[in-house]
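Chains here go by letter, A, B and C, matching the order in which they are written, and residues are numbered from 1 within each.
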Amino acid sequence: MLDTFLEALSLLGRLDEHVLAIVWLSFKVGLSTVTLATLIGLPLGALVAVASFPGRSIATVVLNGMMGLPSVVVGVIIYLILSRSGPLGGFGLLYSPPAMILAQTVLVVPLMAALTRQIIEDAWREYANEFRSMRFSLRHTIVSLLYDCRFSLVVAVLAGMGRSLSEVGAVMIVGGNIEGFTRTMTTAIALETAKGDLPLSLALGMVLLSVVLVLNAGAYNLRQWAMRKYG
Amino acid sequence: MFPIKLSQVGFTPDGRSVLAGVDLEIDVDGITVILGPNGAGKTILLRMLAGLQAPHGGTIRWNGNGLPAAGIAMVFQHPVLLRSSVFHNAGLGLQPLALGRAETLRRTQHTLERVGLAHRAADSARLLSGGERQRLALARAWAMQPKLLLLDEPTAALDPSATESVERIIREIRSDGARIVMTTHNLGQAMRIADDIVFLASGRVIERAPASRFFARPQTNEAKLFIQGELPWRIAFDD
Amino acid sequence: MAYRIRRLILPLCAALFGTLAQADESIVLASTTSTDQSGLFGYILPRFEAKTGIKVKVVALGTGQALDTARRGDADVVLVHDRPAEDKFVAEGWGVERRDVMYNDFIVIGPKTDAAQVKATKDVVDGFRRIAAGSAPFISRGDKSGTHAAELRFWKTAGIDPKAWSGYKEAGAGMGPTLNMSAALGGYTLADRGTWLSFKNRQDLEIVLAGDKRLFNPYGVMLVNPAKYPHVKKDAGMKFVDWITSREGQETIAAYKINGEQLFFPDAKN
C-alpha cells in the first residue's frame, strides 16, 4: 500500500507529455460540458424556481431525482442515440469528444439546474415584491436573479465541473477510451487499474484530486472576496 | 391613470377582516399620507394601488380602467438591493422599459445625482448605510419617472438627518410631477410633507382631509385620540 | 451585462469545440482488451499511421461487445479472437474480408501455492477438473469476450457445469480487472499471455499451466460490411486489413516483445 503510494508520488514528478495530453482533454471536455450545462441548467433551474406553471412541483421532484442519474445509464442512452444505427447516427459523433460532451451535459444539467433552483428560490422570496412592482418580465426576473446570485451559483457550476471531471461511466461508453483522442483522466485511471498498474492510476487520481481541490479553493476565495465586496 | 377609485374594497386574509368597505379616490396631484394604527391595513392599501394585491371584495379602477401597464413605482419598507453596484441598482427599474442604452445610462446617472449618490455609483449597494440605501431605493423608483409613487414607511429606522434628506427627495419627486401616496408612523413627517391625510382605522377610511385641517381640527373622535396619543411620543423619538 | 456574458461565452465555445474537431483521416477499430492492454497496438499502430497517415482509433472491448459494436455500424474494422463468433459475424453479412492475423496463447493463472495441483498436468481440461475439485475459487471474465468463450469451451469439454460450483465467480469485466480479482482472492483464472505479461499487480499469482495446443488463441481481422453501412471507411479500413496481414505488418507484430518475450505470433496466409 505504502509502496504503491510512494511510487505514485515519484510518477507525479515526471508527468510526461502523454499524461498532460490526457489531463488537457479532460479539461476541454469538462469546460465544454460545464459551459453548455451552465447555459442550459442555470436558466432552467431559475425558471422552475420562479415561474408558476401547472406541474411545477413535479418538475422540481424530477429535477432533484435526475441529480442521481447513474452515468452509465446516460452513457448507454446517448450511445444508442449516437450509434450509426441510432436516430442521430448520421452525424458520426460516437467515439468522439463531442459525444462525451453531449453525454456529460445530459448528466450535469439536472444537477446544476436543481442546485440553481434552490439558490434562486431563496433569492426570489426576497425580491418578489420589488421585481413585481417594477413589472419585470419572466426573462428580466430570471436574468436579474441569476446575476444577483452569481457568486452562490459558482457552487452549482463547480458541482457540475466536479461531476464532469470525475465521471467515468458515460465518457467510457460514448468516448470509447481511445488513446490520444477520447482518453480522459478517469477513463485512463480505469484502464490503468484494469492493467494492474495501480501506481499510475493513483498518480492520475492525485492529479484529478488536486485539480478539483484547486477549483474549490478558487471558488472559496471568490466567494470570500464577493462577500466582502458586495455584502 | 387618475383618478384612482377604490369602491367598497375589502381584504380578508384567512377570514380575518383587515379592510372592509374602503372607498377612496386618489386624484392627480399632491402627497397623500395614509395614517392609522398598526394593523390598520395601510401597507395592503399601497400594494393594492400598485396592483400587487387584488382586493378580496370591491373594485379598484385606474381612471375607469384596469391596472395601467406602466407609470407606477413602489418603495417598500425594507427595500432589497441587488448584490451589485449602486449604479446597476439605480437603473434596475428601467430594464423592462427598453429605453435604449444611452437613455438608460443618462437617466440613471441623473437620478443618482439628484439623490446625492453619484459619487458612490461604483460602490456595492449592499454596503451602503441605512439612509443611503433608502435614497438609492428612491432613486430606483424615481428613475422610472412614475406618475404614481407609493412609499411604505420611507423613513422608518432612519436617523433625523437621513430622514430629512429623504423628505427633501420626496418633495423633489413630487415637483417632478409624480403623485405620491405614502404611509408613515411619524406624525411630524406627515405634518411636514402631506398635502392631505387619509386616516385609516378598523379597516375603513375614517377621515380624509387636507393635512392642515386634519391636524388642527380632526373631525372624528378616533382621529383626535390618534393624534393626541401618538403625537408626543413620535416626536420625541424621531425628530 | 447580458452583452458582456455573450461576448465572453461565444469565443470560449468556439475555442473549446474548435480544438475538438479533427480533420485527419481516421478509422475506428473495435478490438479486444487483450490486444490493447498488452501494449501491442501502442507498438504497431504508430508504424501504420506513419506509413499511411490514417489514424486508428482503438475501442477496446470484449470480443462479443466488439462484434456487437460493429453490428451497430459503430466501427470500421474489427480485430477479435473468437473464431466461431467471427464466422457467424461474416456469415450474417456484417463483416467482409476476414483474414487470420496472428495468435497468442491462453494460460492458466493461479496462486503460487497451487492448492489444486494444476501444475502437475499439461492438459488444460484436466487442469480445469482439478480446479473445480479444489477449494480455491475460479474467476471468470463473464463478459462474452473471446477469453470467456474459450474458458466456457474448456468447461464443456471437461463435462463440468461451472455455475453449479460455488467457487466459480464471474467478474463481468476485462482481463485486467479479472486478474486483479484473482490476485485479491487467491484464485485461478484463464488469461491471455499478452495481458499477463504487461500486468503489474500480480501479487502471488503465477502461470500454473501453459502450452496445451487447445490454448492456441487465433486473432482475425475483418472489415465491417460497407454494403450494410455506407459510412464505413472502406478504403482506409482495407488499407489497415491489408497492412496488418502484409509482410511488414506481420514482422512488426513479431517484433513486439515484453521483457524479451514475444507475445503474438503472426500467422497471416500470404
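Here is the rule we go by: contacts are C-beta pairs under 8 Å (C-beta built on N, C-alpha and C of every residue); 3 or more make two chains touch, one makes a residue touch a chain.
Model, not experiment: these values are computed from the prediction.
Participant: Tell me which chain's centre, taken as the mean of its C-alpha atoms, is farthest from subunit C.
Facilitator: B
Participant: Can you tell me which chain is nearest the middle of the complex, judged by mean CA position?
Facilitator: Most central by this criterion: A.
Participant: Just give me the whole-number Å value for how far the CA centre of subunit A lies from that of subunit B.
Facilitator: 46
Participant: How many angstrom lie between the CA centroids of subunit B and subunit C, rounded to a whole number?
Facilitator: Centre separation, subunit B to subunit C: 78 Å.
Participant: Let me have the rounded angstrom distance from the C-alpha centre of subunit A over to the C-alpha centre of subunit C, please.
Facilitator: 32
Participant: Can you list every residue of subunit A that touches 2 or more other chains, as numbers and ranges?
Facilitator: Residues 147.
Participant: Using the touch rule from the top of the page, what residues of subunit C touch 2 or more other chains?
Facilitator: In subunit C, residues 1 touch at least two other chains, as defined above.
Participant: Report the residues of subunit B in contact with subunit A in the complex, numbered from low to high.
Facilitator: 50, 52, 69-70, 72-74, 76, 79-80, 82-84, 92-93, 95-96, 124, 126-127, 144
Participant: What part of subunit A is in contact with subunit C in the complex they form?
Facilitator: Those residues of subunit A that touch subunit C are 28, 31-32, 35, 39, 83-86, 89, 92, 94-98, 101, 143, 147, 176-179, 181-182, 191, 193-198.
Participant: Report the residues of subunit A in contact with subunit B in the complex, numbered from low to high.
Facilitator: Subunit A residues touching subunit B: 126-127, 129-130, 132-137, 140, 144, 147-151, 226, 229-231.
Participant: Can you list the residues on subunit C that touch subunit A in the complex?
Facilitator: The touching residues are 1-2, 9, 12-13, 16-17, 19-20, 22, 28, 33, 37, 42, 55, 57-60, 72-74, 173-177, 179-180, 183, 195, 198-202, 229, 231.
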